[in-house]
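Note that the chains are named A, B, C, D and E in the order they appear, and that numbering of residues resets to 1 at the start of each chain.
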Amino acid sequence: MLIGKVSGSLWATRKNEKLNGLKFLLVDIEEDETAGRVQTLVAADNAGAGFDDTVLVTTGSSARMALDAPDIPVDAVIVGIIDSVERAN
Amino acid sequence: MLIGKVSGSLWATRKNEKLNGLKFLLVDIEEDETAGRVQTLVAADNAGAGFDDTVLVTTGSSARMALDAPDIPVDAVIVGIIDSVERAN
Amino acid sequence: MLIGKVSGSLWATRKNEKLNGLKFLLVDIEEDETAGRVQTLVAADNAGAGFDDTVLVTTGSSARMALDAPDIPVDAVIVGIIDSVERAN
Amino acid sequence: MLIGKVSGSLWATRKNEKLNGLKFLLVDIEEDETAGRVQTLVAADNAGAGFDDTVLVTTGSSARMALDAPDIPVDAVIVGIIDSVERAN
Amino acid sequence: MLIGKVSGSLWATRKNEKLNGLKFLLVDIEEDETAGRVQTLVAADNAGAGFDDTVLVTTGSSARMALDAPDIPVDAVIVGIIDSVERAN
(Lines give C-alpha, C1' and ligand atoms only; values in the text may rest on other atoms or scores of the structure.)
Protein backbone atom coordinates (compact mmCIF):
# COMPACT_ATOMS: atom_id res chain seq x y z
CA MET A 1 0.00 0.00 0.00
CA LEU A 2 1.03 3.57 -0.44
CA ILE A 3 0.99 6.51 1.91
CA GLY A 4 -0.53 9.71 0.62
CA LYS A 5 -2.17 12.93 1.61
CA VAL A 6 -5.63 13.99 0.47
CA SER A 7 -5.20 17.18 -1.52
CA GLY A 8 -8.47 17.68 -3.32
CA SER A 9 -11.48 16.19 -4.96
CA LEU A 10 -12.94 15.89 -8.40
CA TRP A 11 -16.32 16.07 -10.04
CA ALA A 12 -17.38 13.95 -12.97
CA THR A 13 -21.00 13.85 -14.06
CA ARG A 14 -20.52 11.61 -17.09
CA LYS A 15 -19.02 8.39 -15.82
CA ASN A 16 -19.41 4.63 -15.75
CA GLU A 17 -22.62 3.95 -13.84
CA LYS A 18 -20.90 1.53 -11.44
CA LEU A 19 -19.02 4.54 -10.10
CA ASN A 20 -22.17 6.29 -8.92
CA GLY A 21 -22.16 6.98 -5.20
CA LEU A 22 -18.40 6.81 -4.80
CA LYS A 23 -16.42 9.82 -3.62
CA PHE A 24 -13.22 10.42 -5.57
CA LEU A 25 -10.35 12.19 -3.89
CA LEU A 26 -7.02 13.41 -5.13
CA VAL A 27 -4.22 11.79 -3.16
CA ASP A 28 -0.64 12.97 -3.38
CA ILE A 29 1.29 9.75 -3.03
CA GLU A 30 4.46 10.14 -1.03
CA GLU A 31 7.45 7.98 -1.77
CA ASP A 32 8.37 8.34 1.84
CA GLU A 33 6.13 9.61 4.58
CA THR A 34 8.57 12.48 5.20
CA ALA A 35 8.93 13.47 1.55
CA GLY A 36 6.92 15.83 -0.55
CA ARG A 37 4.48 15.05 -3.30
CA VAL A 38 5.68 12.64 -5.96
CA GLN A 39 2.54 11.60 -7.82
CA THR A 40 -1.14 12.36 -7.71
CA LEU A 41 -3.66 9.53 -7.91
CA VAL A 42 -7.41 9.60 -7.84
CA ALA A 43 -8.70 7.16 -5.23
CA ALA A 44 -12.21 6.17 -4.23
CA ASP A 45 -12.75 6.87 -0.56
CA ASN A 46 -13.59 3.89 1.64
CA ALA A 47 -12.57 5.38 5.00
CA GLY A 48 -14.31 8.73 5.38
CA ALA A 49 -11.18 10.71 4.53
CA GLY A 50 -11.02 14.48 4.34
CA PHE A 51 -8.64 17.17 3.13
CA ASP A 52 -5.11 16.90 4.53
CA ASP A 53 -5.66 13.47 5.99
CA THR A 54 -2.73 11.10 5.63
CA VAL A 55 -4.18 7.95 4.15
CA LEU A 56 -3.38 4.38 3.22
CA VAL A 57 -4.10 3.62 -0.43
CA THR A 58 -4.48 0.14 -1.90
CA THR A 59 -4.02 -0.14 -5.65
CA GLY A 60 -4.76 -2.61 -8.44
CA SER A 61 -7.26 -5.42 -8.24
CA SER A 62 -6.87 -5.41 -4.46
CA ALA A 63 -8.49 -1.98 -4.37
CA ARG A 64 -11.74 -3.46 -5.55
CA MET A 65 -11.80 -5.83 -2.57
CA ALA A 66 -12.48 -2.84 -0.32
CA LEU A 67 -15.74 -1.96 -2.04
CA ASP A 68 -19.19 -3.54 -1.88
CA ALA A 69 -18.83 -5.29 -5.22
CA PRO A 70 -15.67 -6.68 -6.78
CA ASP A 71 -16.57 -5.52 -10.30
CA ILE A 72 -16.43 -1.76 -9.78
CA PRO A 73 -13.85 -0.29 -12.17
CA VAL A 74 -11.55 1.43 -9.72
CA ASP A 75 -7.84 0.76 -9.27
CA ALA A 76 -7.11 2.81 -6.14
CA VAL A 77 -9.05 3.01 -2.88
CA ILE A 78 -8.38 4.79 0.40
CA VAL A 79 -8.61 1.91 2.88
CA GLY A 80 -7.52 3.68 6.06
CA ILE A 81 -6.66 6.96 7.69
CA ILE A 82 -3.21 6.95 9.19
CA ASP A 83 -2.97 8.28 12.74
CA SER A 84 0.77 8.03 13.10
CA VAL A 85 3.86 6.63 11.48
CA GLU A 86 6.78 5.44 13.57
CA ARG A 87 10.07 5.24 11.78
CA ALA A 88 12.73 3.35 13.64
CA ASN A 89 15.79 5.48 13.08
CA MET B 1 -7.16 6.13 -11.20
CA LEU B 2 -5.18 8.56 -13.25
CA ILE B 3 -6.06 11.96 -14.65
CA GLY B 4 -5.30 12.55 -18.30
CA LYS B 5 -6.22 14.58 -21.31
CA VAL B 6 -7.41 13.08 -24.57
CA SER B 7 -4.88 14.03 -27.22
CA GLY B 8 -5.64 11.83 -30.19
CA SER B 9 -6.92 8.57 -31.50
CA LEU B 10 -5.54 5.55 -33.27
CA TRP B 11 -6.59 3.21 -36.02
CA ALA B 12 -5.82 -0.49 -36.08
CA THR B 13 -7.47 -2.76 -38.60
CA ARG B 14 -5.65 -5.94 -37.64
CA LYS B 15 -6.41 -6.56 -34.01
CA ASN B 16 -7.76 -9.11 -31.54
CA GLU B 17 -11.41 -9.63 -32.46
CA LYS B 18 -12.58 -8.93 -28.91
CA LEU B 19 -11.45 -5.35 -29.47
CA ASN B 20 -13.90 -4.78 -32.33
CA GLY B 21 -16.31 -1.93 -31.64
CA LEU B 22 -14.15 -0.23 -29.05
CA LYS B 23 -12.83 3.28 -29.59
CA PHE B 24 -9.20 3.74 -28.64
CA LEU B 25 -7.99 7.16 -27.59
CA LEU B 26 -4.58 8.52 -26.77
CA VAL B 27 -4.53 9.91 -23.25
CA ASP B 28 -1.70 12.03 -21.96
CA ILE B 29 -1.53 10.99 -18.33
CA GLU B 30 -0.71 13.85 -16.01
CA GLU B 31 1.21 13.24 -12.83
CA ASP B 32 -0.64 16.16 -11.38
CA GLU B 33 -3.68 17.82 -12.86
CA THR B 34 -1.71 21.07 -13.18
CA ALA B 35 1.34 19.51 -14.82
CA GLY B 36 2.14 18.83 -18.42
CA ARG B 37 2.22 15.53 -20.23
CA VAL B 38 4.21 12.78 -18.60
CA GLN B 39 3.15 9.61 -20.39
CA THR B 40 0.83 8.63 -23.20
CA LEU B 41 -1.46 5.66 -22.78
CA VAL B 42 -3.99 4.17 -25.15
CA ALA B 43 -7.32 3.74 -23.37
CA ALA B 44 -10.62 2.31 -24.55
CA ASP B 45 -13.35 4.89 -24.23
CA ASN B 46 -16.24 4.04 -21.93
CA ALA B 47 -17.50 7.57 -21.32
CA GLY B 48 -18.01 9.25 -24.67
CA ALA B 49 -14.82 11.27 -24.40
CA GLY B 50 -13.56 13.65 -27.08
CA PHE B 51 -10.40 15.56 -27.90
CA ASP B 52 -9.12 17.77 -25.09
CA ASP B 53 -11.45 16.29 -22.49
CA THR B 54 -9.89 15.75 -19.09
CA VAL B 55 -10.66 12.17 -18.20
CA LEU B 56 -10.45 9.61 -15.43
CA VAL B 57 -8.59 6.47 -16.47
CA THR B 58 -8.75 3.13 -14.68
CA THR B 59 -5.90 0.72 -15.37
CA GLY B 60 -5.10 -2.95 -14.92
CA SER B 61 -7.68 -5.68 -14.42
CA SER B 62 -10.06 -3.08 -13.00
CA ALA B 63 -10.27 -1.48 -16.43
CA ARG B 64 -12.00 -4.56 -17.76
CA MET B 65 -14.76 -4.19 -15.17
CA ALA B 66 -15.97 -1.10 -17.03
CA LEU B 67 -16.68 -3.00 -20.23
CA ASP B 68 -19.51 -5.32 -21.20
CA ALA B 69 -17.40 -8.46 -20.78
CA PRO B 70 -14.59 -9.06 -18.30
CA ASP B 71 -12.42 -10.94 -20.79
CA ILE B 72 -11.69 -8.13 -23.23
CA PRO B 73 -7.90 -7.66 -23.43
CA VAL B 74 -7.63 -4.00 -22.47
CA ASP B 75 -5.67 -2.61 -19.53
CA ALA B 76 -6.81 1.03 -19.56
CA VAL B 77 -10.32 2.45 -19.89
CA ILE B 78 -11.68 5.98 -19.72
CA VAL B 79 -14.35 5.63 -17.03
CA GLY B 80 -15.38 9.27 -16.62
CA ILE B 81 -15.06 12.78 -17.92
CA ILE B 82 -13.82 15.19 -15.29
CA ASP B 83 -15.79 18.40 -14.98
CA SER B 84 -13.62 20.04 -12.36
CA VAL B 85 -10.82 19.39 -9.94
CA GLU B 86 -10.66 21.18 -6.62
CA ARG B 87 -7.27 21.26 -4.98
CA ALA B 88 -7.33 22.33 -1.38
CA ASN B 89 -4.33 24.61 -1.18
CA MET C 1 -2.41 -0.10 -23.54
CA LEU C 2 0.99 0.96 -24.71
CA ILE C 3 2.31 1.87 -28.12
CA GLY C 4 5.54 0.21 -29.21
CA LYS C 5 7.58 -0.81 -32.19
CA VAL C 6 8.67 -4.36 -32.87
CA SER C 7 12.45 -4.42 -32.81
CA GLY C 8 13.43 -8.05 -32.62
CA SER C 9 12.61 -11.53 -31.49
CA LEU C 10 13.93 -14.04 -29.03
CA TRP C 11 14.52 -17.75 -28.87
CA ALA C 12 14.07 -19.85 -25.75
CA THR C 13 14.13 -23.61 -25.96
CA ARG C 14 13.79 -24.30 -22.23
CA LYS C 15 10.57 -22.69 -21.11
CA ASN C 16 7.27 -23.26 -19.37
CA GLU C 17 5.35 -25.70 -21.55
CA LYS C 18 2.29 -23.44 -21.67
CA LEU C 19 4.40 -21.05 -23.71
CA ASN C 20 4.92 -23.52 -26.55
CA GLY C 21 3.63 -22.26 -29.86
CA LEU C 22 3.70 -18.59 -28.92
CA LYS C 23 5.91 -16.14 -30.80
CA PHE C 24 7.79 -13.72 -28.56
CA LEU C 25 8.78 -10.35 -29.93
CA LEU C 26 10.84 -7.53 -28.52
CA VAL C 27 8.80 -4.36 -28.39
CA ASP C 28 10.35 -0.99 -27.74
CA ILE C 29 7.64 0.75 -25.75
CA GLU C 30 7.33 4.41 -26.57
CA GLU C 31 6.19 6.86 -23.96
CA ASP C 32 4.77 8.94 -26.74
CA GLU C 33 4.23 7.83 -30.31
CA THR C 34 6.64 10.54 -31.46
CA ALA C 35 9.37 9.72 -28.97
CA GLY C 36 12.24 7.31 -29.13
CA ARG C 37 12.67 4.05 -27.29
CA VAL C 38 12.10 4.13 -23.56
CA GLN C 39 11.78 0.50 -22.50
CA THR C 40 11.96 -2.91 -24.11
CA LEU C 41 9.34 -5.51 -23.27
CA VAL C 42 8.92 -9.04 -24.52
CA ALA C 43 5.36 -9.56 -25.74
CA ALA C 44 3.60 -12.61 -27.14
CA ASP C 45 2.28 -11.87 -30.60
CA ASN C 46 -1.47 -12.15 -31.08
CA ALA C 47 -1.79 -10.00 -34.19
CA GLY C 48 0.67 -11.29 -36.77
CA ALA C 49 3.14 -8.50 -36.13
CA GLY C 50 6.50 -8.18 -37.88
CA PHE C 51 9.70 -6.17 -37.53
CA ASP C 52 9.17 -2.40 -37.45
CA ASP C 53 5.41 -2.65 -37.03
CA THR C 54 3.91 -0.16 -34.62
CA VAL C 55 1.81 -2.19 -32.26
CA LEU C 56 -0.68 -1.97 -29.42
CA VAL C 57 0.44 -3.88 -26.34
CA THR C 58 -1.84 -4.95 -23.48
CA THR C 59 -0.12 -5.76 -20.21
CA GLY C 60 -0.90 -7.50 -16.94
CA SER C 61 -3.71 -9.99 -16.42
CA SER C 62 -5.57 -8.40 -19.33
CA ALA C 63 -2.87 -9.67 -21.67
CA ARG C 64 -3.92 -13.22 -20.96
CA MET C 65 -7.47 -12.47 -22.14
CA ALA C 66 -6.13 -12.17 -25.70
CA LEU C 67 -4.88 -15.75 -25.77
CA ASP C 68 -6.72 -19.04 -26.17
CA ALA C 69 -6.46 -19.92 -22.48
CA PRO C 70 -6.49 -17.53 -19.53
CA ASP C 71 -3.83 -19.46 -17.61
CA ILE C 72 -0.87 -18.92 -19.93
CA PRO C 73 1.90 -17.16 -17.97
CA VAL C 74 2.41 -14.08 -20.11
CA ASP C 75 2.04 -10.48 -18.96
CA ALA C 76 2.28 -8.63 -22.29
CA VAL C 77 0.58 -9.39 -25.59
CA ILE C 78 0.51 -7.57 -28.92
CA VAL C 79 -3.23 -7.18 -29.50
CA GLY C 80 -3.21 -5.01 -32.63
CA ILE C 81 -1.13 -3.46 -35.35
CA ILE C 82 -1.49 0.29 -35.47
CA ASP C 83 -2.13 1.74 -38.90
CA SER C 84 -2.09 5.38 -37.90
CA VAL C 85 -2.11 7.68 -34.92
CA GLU C 86 -3.85 11.04 -35.09
CA ARG C 87 -2.75 13.56 -32.53
CA ALA C 88 -5.03 16.54 -32.20
CA ASN C 89 -2.53 19.37 -31.95
CA MET D 1 9.16 -10.03 -5.44
CA LEU D 2 11.04 -7.14 -3.98
CA ILE D 3 13.70 -6.96 -1.31
CA GLY D 4 13.23 -4.39 1.42
CA LYS D 5 14.10 -3.46 4.93
CA VAL D 6 11.54 -2.90 7.67
CA SER D 7 11.90 0.68 8.80
CA GLY D 8 8.83 1.42 10.83
CA SER D 9 5.19 0.81 11.46
CA LEU D 10 1.95 2.70 11.20
CA TRP D 11 -1.22 3.09 13.16
CA ALA D 12 -4.64 3.53 11.62
CA THR D 13 -7.76 3.29 13.74
CA ARG D 14 -10.26 4.14 11.01
CA LYS D 15 -9.82 1.56 8.29
CA ASN D 16 -11.59 -1.02 6.17
CA GLU D 17 -12.81 -3.70 8.57
CA LYS D 18 -11.18 -6.49 6.56
CA LEU D 19 -7.84 -5.01 7.60
CA ASN D 20 -8.49 -5.59 11.30
CA GLY D 21 -5.87 -7.81 12.90
CA LEU D 22 -3.20 -7.20 10.30
CA LYS D 23 0.09 -5.56 11.21
CA PHE D 24 1.26 -2.91 8.76
CA LEU D 25 4.95 -2.22 8.42
CA LEU D 26 6.89 0.36 6.48
CA VAL D 27 9.30 -1.33 4.12
CA ASP D 28 12.03 0.54 2.33
CA ILE D 29 12.20 -1.26 -0.99
CA GLU D 30 15.70 -1.58 -2.31
CA GLU D 31 16.33 -1.62 -6.02
CA ASP D 32 19.32 -3.74 -5.30
CA GLU D 33 20.07 -5.51 -2.05
CA THR D 34 23.26 -3.47 -1.74
CA ALA D 35 21.66 -0.12 -2.50
CA GLY D 36 20.02 2.40 -0.26
CA ARG D 37 16.35 3.19 0.07
CA VAL D 38 14.48 3.87 -3.12
CA GLN D 39 10.81 3.70 -2.17
CA THR D 40 8.74 3.12 0.92
CA LEU D 41 5.78 0.77 0.79
CA VAL D 42 3.35 -0.25 3.48
CA ALA D 43 3.11 -4.03 3.62
CA ALA D 44 1.00 -6.33 5.75
CA ASP D 45 3.21 -8.67 7.73
CA ASN D 46 2.79 -12.38 7.09
CA ALA D 47 6.16 -13.55 8.39
CA GLY D 48 6.63 -12.15 11.87
CA ALA D 49 9.01 -9.43 10.71
CA GLY D 50 10.56 -6.81 12.95
CA PHE D 51 12.50 -3.57 12.65
CA ASP D 52 15.60 -3.80 10.46
CA ASP D 53 14.72 -7.22 9.09
CA THR D 54 15.45 -7.70 5.41
CA VAL D 55 12.26 -9.04 3.93
CA LEU D 56 10.74 -10.45 0.77
CA VAL D 57 7.67 -8.51 -0.36
CA THR D 58 5.06 -9.79 -2.79
CA THR D 59 2.91 -7.16 -4.48
CA GLY D 60 -0.32 -6.94 -6.43
CA SER D 61 -3.04 -9.56 -6.43
CA SER D 62 -0.43 -12.17 -5.50
CA ALA D 63 -0.02 -10.47 -2.14
CA ARG D 64 -3.54 -11.46 -1.21
CA MET D 65 -2.71 -15.14 -1.74
CA ALA D 66 -0.50 -15.01 1.36
CA LEU D 67 -3.37 -14.08 3.66
CA ASP D 68 -6.19 -16.14 5.11
CA ALA D 69 -8.78 -14.76 2.69
CA PRO D 70 -8.23 -13.68 -0.91
CA ASP D 71 -10.53 -10.67 -0.64
CA ILE D 72 -8.56 -8.60 1.84
CA PRO D 73 -7.73 -5.23 0.24
CA VAL D 74 -3.95 -5.26 0.52
CA ASP D 75 -1.50 -5.01 -2.36
CA ALA D 76 1.79 -5.74 -0.57
CA VAL D 77 2.61 -8.47 1.94
CA ILE D 78 5.83 -9.51 3.64
CA VAL D 79 6.03 -13.21 2.74
CA GLY D 80 9.46 -14.05 4.11
CA ILE D 81 12.41 -12.90 6.13
CA ILE D 82 15.64 -13.03 4.19
CA ASP D 83 18.54 -14.66 5.98
CA SER D 84 21.15 -14.08 3.34
CA VAL D 85 21.61 -12.98 -0.23
CA GLU D 86 24.37 -14.48 -2.37
CA ARG D 87 25.38 -12.44 -5.36
CA ALA D 88 27.47 -14.28 -7.91
CA ASN D 89 30.05 -11.66 -8.75
CA MET E 1 7.68 -10.08 -19.98
CA LEU E 2 11.04 -8.76 -18.97
CA ILE E 3 14.54 -9.83 -19.88
CA GLY E 4 16.97 -10.28 -17.02
CA LYS E 5 20.14 -11.98 -15.95
CA VAL E 6 20.37 -14.27 -12.94
CA SER E 7 22.81 -12.69 -10.53
CA GLY E 8 22.34 -14.51 -7.26
CA SER E 9 20.07 -16.35 -4.91
CA LEU E 10 18.55 -15.82 -1.51
CA TRP E 11 17.83 -17.85 1.55
CA ALA E 12 14.77 -17.37 3.74
CA THR E 13 13.92 -19.89 6.41
CA ARG E 14 10.92 -18.06 7.86
CA LYS E 15 8.44 -17.65 5.04
CA ASN E 16 4.88 -18.26 3.95
CA GLU E 17 4.46 -22.03 3.82
CA LYS E 18 3.12 -21.94 0.26
CA LEU E 19 6.60 -20.83 -0.78
CA ASN E 20 8.24 -24.04 0.43
CA GLY E 21 10.05 -25.90 -2.31
CA LEU E 22 10.46 -22.91 -4.60
CA LYS E 23 13.89 -21.64 -5.55
CA PHE E 24 14.23 -17.87 -5.43
CA LEU E 25 16.77 -16.17 -7.66
CA LEU E 26 17.92 -12.59 -7.96
CA VAL E 27 17.33 -11.33 -11.47
CA ASP E 28 18.82 -8.10 -12.72
CA ILE E 29 16.12 -6.82 -15.04
CA GLU E 30 17.50 -5.14 -18.10
CA GLU E 31 15.57 -2.36 -19.76
CA ASP E 32 17.15 -3.40 -23.00
CA GLU E 33 18.96 -6.65 -23.63
CA THR E 34 22.12 -4.69 -24.42
CA ALA E 35 21.96 -2.48 -21.35
CA GLY E 36 23.34 -2.91 -17.89
CA ARG E 37 21.46 -3.63 -14.70
CA VAL E 38 18.49 -1.42 -13.99
CA GLN E 39 16.54 -3.18 -11.25
CA THR E 40 16.85 -6.33 -9.20
CA LEU E 41 13.81 -8.54 -8.70
CA VAL E 42 13.44 -11.78 -6.82
CA ALA E 43 11.79 -14.38 -9.04
CA ALA E 44 10.77 -17.95 -8.39
CA ASP E 45 12.51 -20.27 -10.82
CA ASN E 46 10.29 -22.32 -13.11
CA ALA E 47 12.83 -23.08 -15.82
CA GLY E 48 15.90 -24.55 -14.15
CA ALA E 49 17.88 -21.33 -14.41
CA GLY E 50 21.39 -20.84 -13.11
CA PHE E 51 23.83 -18.01 -12.47
CA ASP E 52 24.43 -15.75 -15.46
CA ASP E 53 21.58 -17.21 -17.49
CA THR E 54 19.58 -14.66 -19.46
CA VAL E 55 15.99 -15.33 -18.57
CA LEU E 56 12.43 -14.38 -19.40
CA VAL E 57 10.48 -13.16 -16.37
CA THR E 58 6.70 -12.94 -16.14
CA THR E 59 5.32 -10.62 -13.46
CA GLY E 60 2.04 -9.97 -11.68
CA SER E 61 -0.84 -12.40 -11.47
CA SER E 62 0.38 -14.02 -14.68
CA ALA E 63 3.45 -15.23 -12.83
CA ARG E 64 1.30 -17.49 -10.71
CA MET E 65 -0.01 -19.24 -13.84
CA ALA E 66 3.42 -20.78 -14.31
CA LEU E 67 3.34 -22.62 -11.00
CA ASP E 68 1.51 -25.75 -9.89
CA ALA E 69 -1.13 -23.82 -7.96
CA PRO E 70 -2.56 -20.41 -8.79
CA ASP E 71 -2.67 -19.29 -5.16
CA ILE E 72 1.05 -19.21 -4.41
CA PRO E 73 2.00 -15.67 -3.33
CA VAL E 74 4.67 -14.86 -5.90
CA ASP E 75 4.60 -11.97 -8.34
CA ALA E 76 7.60 -12.82 -10.55
CA VAL E 77 8.56 -16.15 -12.09
CA ILE E 78 11.33 -17.16 -14.48
CA VAL E 79 9.37 -18.83 -17.29
CA GLY E 80 12.15 -19.42 -19.79
CA ILE E 81 15.86 -19.35 -20.46
CA ILE E 82 16.72 -17.16 -23.41
CA ASP E 83 19.08 -18.70 -25.94
CA SER E 84 19.41 -15.71 -28.21
CA VAL E 85 17.95 -12.31 -28.92
CA GLU E 86 17.82 -11.00 -32.47
CA ARG E 87 17.45 -7.26 -32.80
CA ALA E 88 16.53 -6.09 -36.24
CA ASN E 89 18.78 -3.09 -36.64
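By our rule, a residue touches a chain if its C-beta (ideal position, glycine included) is under 8 Å from a C-beta of that chain, and two chains touch if they have at least 3 such contacts.
The shown structure was predicted, so the numbers you read here are calculated from the model rather than taken from an experiment.
> Under the touch criterion given at the top, what is the topological distance in steps from chain B to chain D?
Shortest path length, in steps: 2.
> With centres defined as the mean C-alpha position, give me the chain D-chain E separation in Å.
Inter-chain centre distance comes to 19 Å.
> Measuring centre to centre with CA averages, how many angstrom lie between chain A and chain E?
Result: the chain centres lie 31 Å from each other.
> Touching at least two other chains at once: which residues of chain D meet that condition?
60-61, 63-64
> Given the touch rule defined above, the chains close into a ring; going from chain C first to chain E, what order do they follow?
C, E, D, A, B
> Considering only the defined contacts, which chain D positions touch chain E in the complex?
1-3, 31-33, 46-48, 56, 58-66, 70, 77, 79-89
> Touching chain D in the complex: which residues of chain E?
That would be residues 6-16, 18-19, 24, 26, 37, 39-43, 51-52, 60-61, 63-64, 71-76 of chain E.
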